[in-house]
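Both complexes below contain chain A, partnered by chain B and then by chain C.
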Partner chain A sequence: MPNEDHLLVKIRNYAFLVIGLLAIGIAIGVELTVNPPETAPFDLLPILLRGLAVTIELTLLGAALALVVAIVAGVARSSGHIIVRTITGFYVEVFRGTSILVQLFWIFFVLPLPPFNLSLTPLQAGVLALGLNVGAYGAEVVRGAIGAIPSGQIEASIALNMSPGLMMRRVIIPQAMVRILPPFGNLLIELLKATSLVSLITLSDVTFQGLALRQSVGRTTEVFLLILVIYFLLAYPLTLGVRWLERQRQWAT
Partner chain B sequence: MSEQFFDWEYVISFMPKLLEGLVVTIEVTIVAFILAAILGLLMALGRRSSNPWIAQPIGALVEFIRSTPLLVQLFIFFYVLPRYGLRMPAFIVGTIALGLHYGTYTSEIYRAGIDAIDRGQWEAARALNFSPVRTWVGIVLPQAIPPMIPALGNYLVAMFKESAQLSAITVVELTLTARTIGTQSFRFLEPFTMAGVLYFLISYPSSLVVQRLEKRYAGK
Partner chain C sequence: MQANSSAPIVRFENVTKSFGELTVLRQLDFDVAPAEKVTIVGPSGSGKTTILRVLMTLEKPNDGVIWVNGEPLWHQKSGDKLVPASEKHLRKVRGSIGMVFQHFNLFPHMTALRNVTEAPIHVLKMPKGDAEQRAVELLQKVGLSDKLGHYPSQLSGGQKQRVAIARALAMRPKVMLFDEVTSALDPELVGEVLNVIRELAEEGEMAMLLVTHEMGFAREVSDRVVFFDKGRVVEQGPPEQIFGSPQNERTKAFFNAVLRH
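Coming up: the complex of A and B.
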């Protein structure tokens, strides 16, 4: 039966991921028996989970900023106005053309000093850098999706005497959305992974807590394997969500 | 120190150091890319294996590496491996971690490229009694690899930028050099801006080349 085979393959796919996670659990267990700590085995988790709250907060705030920036810059880049197009083009290319870490350091180290004197908390700096960087990639996705709409659709809207706003709302955005969602999902995963960089500007996310734990209690293997598992458990559901969206799109078109 | 908005004399004084950092960044990128290209191919071939005991674990490993941050992987290579006797210089450790991380990305490109090869090609190779090695090396890969070049190029540019993360494990590349210069003089504007300019001057033209390649292969 092809259906049963398919199901088996599916189960096996996840089975190996589960086995992998178990293997990491066993590795942590072995590490604990070889170098037994004085405290309970999972005493590290509460501290790492405190970092998890920061990671999630950053991901959500960064994604919100990135979403707004991506839509505004993406629409502006498709605009007929040459100055608007040039300025947004400059923004997009600068943020896509340089390293996100340099952008983060620039915002965190340069802005508080003269001539800017704009002091930001690490959280604000992190959200700004993540949002502007991922927003620039998102803007290209939005631009591509708008560009992919057949010109007949736009001509028809004009023929129906729709205002530009109504045309955006009723014709362009609903169709562009289908193309936008899967790449946006991928960008969200990239954003989640990039939040680990804020540990380098003293923001106490999961990675930062891990580095601090390594210094205070040691147990390096256990700490970093736990961190990997935490990120994986956050990111993998998103990956599965993106695949589901992609299947929906194939089905829709 | 003068009170100019952007002190060019200062820039000229640290530029040679910054360029040394750029050279390290480029070295890391090239070596890690070669590694990613090879590892990615091995992972893609492994995932296609008809033996599920090979294909599935490799698939799970690829998914796992892709779903976790490069920075944490770098820390694992840098802090955890030495505890088990694997001591390597930060430059080598960082390059391997970067190559492995992006290898999981390139493996997806190989996979898509290999899937795009027409079934008839496989059947013809079998009909001619070609060995598996000859089928892959002589028939499949020569057709599959050229259309992958733009996508691989995109990852080369991405790796060039992401190599900045190696600064976290003390590899003295462009970003760490800029940071050190800034810390020494407590002026961060010029070193970080110039570091950004250097990244941009290389990655932007490269991405334009990749775009041209994309158009060329899309036309076929």
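Coming up: the complex of A and C.
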């Protein structure tokens, strides 16, 4: 029975890949028949790939910030201290309750004005918006995972005379990690996809390069097709990674 | 195993504990002598677990003072007044108490060995090598020297509970609390856990406070049996007296009901 399940999961994983690639293949095929290009679309690739570095940089820095924010805010939201809990609750609700695009505009266009007078480079603004937005979702994941730890674990830690900090570090967080990792993988994919929004604050990521290319050479379908393929190829390994993580549960039976 | 007549290791003085409207401990006065083995019996809901939990600092009493080894547990001295204890004071006094739970509460992400070494290394700041050596000895003592590297999910209920006992012993408590530690076990695994506790009782130096429904076992290991009902001690004395010729009507009724089961 477990073997059958395993096989089904495997088939399903590959099915998604096959369907995805098939869809892209058909789209390319249709595009090339309807609209035969003088040159293959791949001549556009080098320019788009120039944006790739920016996209990856944003993803990595944004994810690092989101991770720190998620853990700090998630632990703070589980805190017994009502003021700490309320403040982080406010942050989480504001950042989950408004659009990331609006947050990005606030950070990039409003913060430089009085009374804030805080000018950020587009990269800093992008990383901050992505980190704070995804961090807010991550904080809820962390809070949920901490809340799911049975009270017996806390009582055993007290009976062993652990300090609250030690209990958090060595008992609660390691157990919460198992529940946290798969949803964090999904948030990382969301974050990667959301990086395309920073093209709107003049950061030259893949999407930005694509938009510029479309203006200069036209060939709209080819440009957007390539962008689609690039994002898919970036995100799909992450998806597979999340599935792998979900299967790794050494001690949790 | 005669109860020591020196100063008590644990003293409940006028302790009251309520959950909302429900008063679970009513102005309880109750002493445990050093090295004394005391079993608490009583009907379900009478507050037996609550006694252990306020002593383990898992529940805060509403009123009264608990003394452990001559020091107030939930209070600290400020001049000659008692004020609520700081976290630091609580941790200092709590160090004399250990507890074994009904549902084991082992750390599932640690092997049996690490469950036992974790608190000695990080709370008592014992060198890792010493802590491991002691953990191996303790696990050997509870009959699990072949399970050091096993995770709790790979152990039976009886084995888990024996690891939990070793884990609590590693902190060298002066008083050990056992709350129905065999009632979550399959019947055939109860004996192996009771044997370990019986051995600890025979060694003698640690005071033990047990809540159990295993009346035969209680009779065998206890210096004193306390019948507890509605938040108060109804009757107490040596096991032969309480089990053999209880004086109080409520005690008699309780044992009649238990023995008829």
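The rule we apply is simple: the second predicted complex is superposed on the first by the 208 of 253 C-alpha atoms of A that agree within 3 Å, B and C clash if a C-alpha of one lies under 4 Å from a C-alpha of the other, contacts with A are read in each partner's own complex, and residues count from 1 in each chain.
Everything that follows uses one rule, which is that a residue touches a chain if its C-beta (ideal position, glycine included) is under 8 Å from a C-beta of that chain, and two chains touch if they have at least 3 such contacts.
On a predicted model such as this, the values are computed, not experimentally measured, just so you know.
In the overlay built on the shared chain, the residue A:Gly152 is in contact with chain C alone; chain B does not reach it.
In the superposition on chain A, A:Leu160 contacts chain C only, with no contact to chain B.
Contact with chain B, but none with chain C, is seen for A:Ile227 once the two complexes are overlaid on the shared chain. Using the contact criterion defined above for the overlaid structures, shared-chain residue A:Thr86 touches neither chain B nor chain C, since it reaches no partner.
By the touch criterion defined above, A:Pro174 lies against chain C but remains apart from chain B after alignment on the C-alpha atoms of chain A. When the two complexes are overlaid on their common chain A, residue A:Thr239 makes contact with chain B while staying clear of chain C. With both structures placed on the common chain, the touch criterion links A:Thr202 to neither chain B nor chain C. Shared contact residues on chain A (touching chain B in one structure, chain C in the other): none found. Touching chain A in their complex are the following residues of chain B: 5, 52, 56-57, 59-61, 63-64, 66-73, 75-76, 79-80, 83, 161-165, 167-168, 175, 178-179, 182, 186-189, 192-193, 195-196, 199-200, 203-204, 207. Against chain A, the residues of chain C that register as touching in their complex are 56-58, 87, 91, 94-95, 97-99, 101, 103-109, 118-119, 122-123, 151-153, 167-168, 171. The touching residues of chain A, when paired with chain B in their complex, are 12-13, 15-17, 19-20, 93-94, 96-103, 105-106, 109-110, 113, 115, 189, 193-197, 199-200, 207, 210-211, 214, 220-221, 224-225, 227-228, 231-232, 235-236, 239. For chain A in complex with chain C, the residues that touch the partner chain are 150, 152-153, 155-156, 158-164, 166, 170-171, 174-175, 178, 250-253.
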